[in-house]
Amino acid sequence: MATVTLIDYENGSAEVQAVFDDIKTARNVPDVNNFWKALANYPALLKRTWESSHEVMAPGALDAVTKEMIYIAVSIVNNCEYCIHSHTASGFAKGMSTEQYQELLAVVMMASQTNAAATAMQVPVDQKFLATGQKAG
Amino acid sequence: MATVTLIDYENGSAEVQAVFDDIKTARNVPDVNNFWKALANYPALLKRTWESSHEVMAPGALDAVTKEMIYIAVSIVNNCEYCIHSHTASGFAKGMSTEQYQELLAVVMMASQTNAAATAMQVPVDQKFLATGQKAG
Amino acid sequence: MATVTLIDYENGSAEVQAVFDDIKTARNVPDVNNFWKALANYPALLKRTWESSHEVMAPGALDAVTKEMIYIAVSIVNNCEYCIHSHTASGFAKGMSTEQYQELLAVVMMASQTNAAATAMQVPVDQKFLATGQKAG
Amino acid sequence: MATVTLIDYENGSAEVQAVFDDIKTARNVPDVNNFWKALANYPALLKRTWESSHEVMAPGALDAVTKEMIYIAVSIVNNCEYCIHSHTASGFAKGMSTEQYQELLAVVMMASQTNAAATAMQVPVDQKFLATGQKAG
Amino acid sequence: MATVTLIDYENGSAEVQAVFDDIKTARNVPDVNNFWKALANYPALLKRTWESSHEVMAPGALDAVTKEMIYIAVSIVNNCEYCIHSHTASGFAKGMSTEQYQELLAVVMMASQTNAAATAMQVPVDQKFLATGQKAG
Amino acid sequence: MATVTLIDYENGSAEVQAVFDDIKTARNVPDVNNFWKALANYPALLKRTWESSHEVMAPGALDAVTKEMIYIAVSIVNNCEYCIHSHTASGFAKGMSTEQYQELLAVVMMASQTNAAATAMQVPVDQKFLATGQKAG
């Protein structure tokens, strides 16, 4: 049970219904997920979150599956049960293959253990990483 | 300062030097990073970590840059200063573009905020995400 | 299911019952929450935790609702399901308004995303923040 | 050293300068903090982050100091060094008293330890917290 | 529900069955836990994870119960529900006493609150901790 | 630089000096660490934290080194730079061997990666772990 009541389309204000319509159209789905129904208690927050999310997750320099995989990685480390489920499903729906998911898992596991080791030993950052050489442009 | 002494090549045991040689060859670099010099205090741990890391980060169903971006995402959420620096540098060295890095940042920021919202409201996972439909095969 | 058996009042030792009586009186409730029933397996831990908690959460320079909101914020980032539920309920019971909860959510979401960005880019702390100017007295 | 070059006003594009001008006016400061100079590498991200941040942190149902305290709490748990420094300074600048900061610290410490205990013992959420009684409206 | 299908012994490939046989023999159990059935979707990951886990958790300079307690501590802070349950059970099965578990809890709670305090105040590391005096050899 | 001024013995109130005297006697050291000098801004918090810490870390069902190792494990996952340094030093000072530290590192790394995997796949807790069989008494 959520800490807030989930708002269904028919119980939403005009502002909420407009955002829900947007989501349904953009994703071509008959109904929005529980996340949006929870946020719908706070229409301004709902609108801002949906709009930035839609913009950020659109394919650009990174394709949609890569963005979902990064999202999943963050959600795993943040341990967000809802987000892990919804974005893993979303990744597969957008074409993530079993092999890609396996490698995503393997990288997340690897990074988790080396993160722990580097932090545990407080390894000093190599001088070269602090120079401009690591920067993109 | 690390909690352990960094072991340079010339101070390493034969076992350590063998791993260092492997790393230098695989990456075509004149010296290994501080992370490996710290782990070198524990040769068995050094060897196992290098071998799995090398295997996991090799291009496969995911290319090398995508793997680095997932690694960076995990390191950001785990807040590993060393790993953020070394893998951001590594990502750029392997060809990550400025635009890709910007989108990586944007996705990590987006996921962080929606993770917080879903967790805060304890949004129940939609039934459809719990069914087999989300699985790869 | 907890990893320990929940101890009900009638199964508690005299020491446990004394703490439970204290909690029931302080909060004017007929029974204590599951958290205390779980801690009751370890009477010394129960007593110390209740006493400091009661002291720390009492209104002082910060009112009770503000303290609950800070508690909720910490619990969200730590992802403590139990604590999110119990302290969100407690916040509302102590008078947190819907508007306040919405703004709490918005700040937690905002901080989560800027935390991620500052950490990702390893932004150096501005010199002025390191001087005494930021200190209270 | 950041993973990106900090962009000063004079090196910023017109779009960046416009956001910097906005920040300087809104905060009545002669220059923007390093966080914005780092984000300035990505003008669209800079603009969106500043605009939502400015909106979210404005006093509303919660006053400015309370919002800063919630921000600090999140930043502590996320361990964002930059954010802890800048928002602690900002809290004091906006009028947070030494006593309020002390109580903030005490609540964050208390929540951290009870979060750990509830998670460790996997305490089941009390039935009453799952009912609608805990909800605002 | 997992994001992947759990693989039972009879549905596993020869490679999976070989690892399952190893686990059952090493632990003297009739069946493997769900964790391994989930990883069995990715046989190479299953094999590597089991082999390192088996090696790392074997008694050495630290006895088996101490290793389980460290594992539990990490799992609590990472908030891994599965791991908290399985390793708490495993700790008790290997001989962890109620008193030891209570003290484990107390230390995890204590560390959680002092971690929060040190991070909140950004306490500078004492010079003596940065010298070689703290190192083992 | 800390967000608060470090309070030296000679600048402390009588209440602060009493706690500092206690710490110096208990630990047989000429001066207290920076952590206590930072907390000394808040005498009540200083006193309560020192007293519970001293009680919790005293050898009991777990010896002093085991307690330090659990403390270090928590501090690594919480990424508390100060705490990692001070408790790693403290562990070595109390007799933790190089071999024990290496195994501590290996267990923390192992747990970090399996935590990530179990969370990523949302592996359901085995029924047997939810039964009372896992409990101590």
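Every chain is named by a letter (A, B, C, D, E and F) in the order it is written, and numbering of its residues begins at 1.
Rule of thumb we're sticking to: a contact is a pair of C-beta atoms (placed from the backbone, for glycine too) under 8 Å apart; a residue touches a chain by one contact, two chains touch by 3 or more.
The structure displayed is predicted, hence computed values, not measured ones.
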Per the touch definition, the chains contacting both chain A and chain E are B, C, D, F
Relative to chain F, largest Cα-centroid distance belongs to chain A
Note, CA centroid farthest from chain E's centroid sits on chain D
Cα centre of chain B to Cα centre of chain F, whole Å, reads 27
In whole angstrom, the CA-centroid distance of chain E from chain F equals 19
Residue ranges of chain B touching at least 2 other chains are 1, 3-4, 45, 49, 52, 74, 76-81, 84-85, 88-89, 98, 102, 105-106, 108-110, 112-117, 119-122, 130, 134-136
Among line, ring, star, complete and other, the chain contact graph is complete
Contacts from chain C onto chain A in the complex sit at residues 79, 84-85, 88-89, 98, 102, 105-106, 109, 116
As the complex stands, chain D meets chain A at residues 1, 3-5, 48, 52, 130-132, 134-136
Chain B residues touching chain A in their complex are 1-4, 6, 33-35, 38-39, 45, 49, 52-53, 56-57, 60-62, 66-67, 69-71, 73-78, 80-83, 85-89, 92-93, 96-104, 106-126, 128-130, 133-137
In their shared complex, chain C is touched by residues of chain A numbered 3, 41-42, 45, 49, 74, 78-80
In the complex, the residues of chain B that touch chain C are 72, 76-77, 79, 81, 84-85, 105, 108-110, 112-117, 119-122
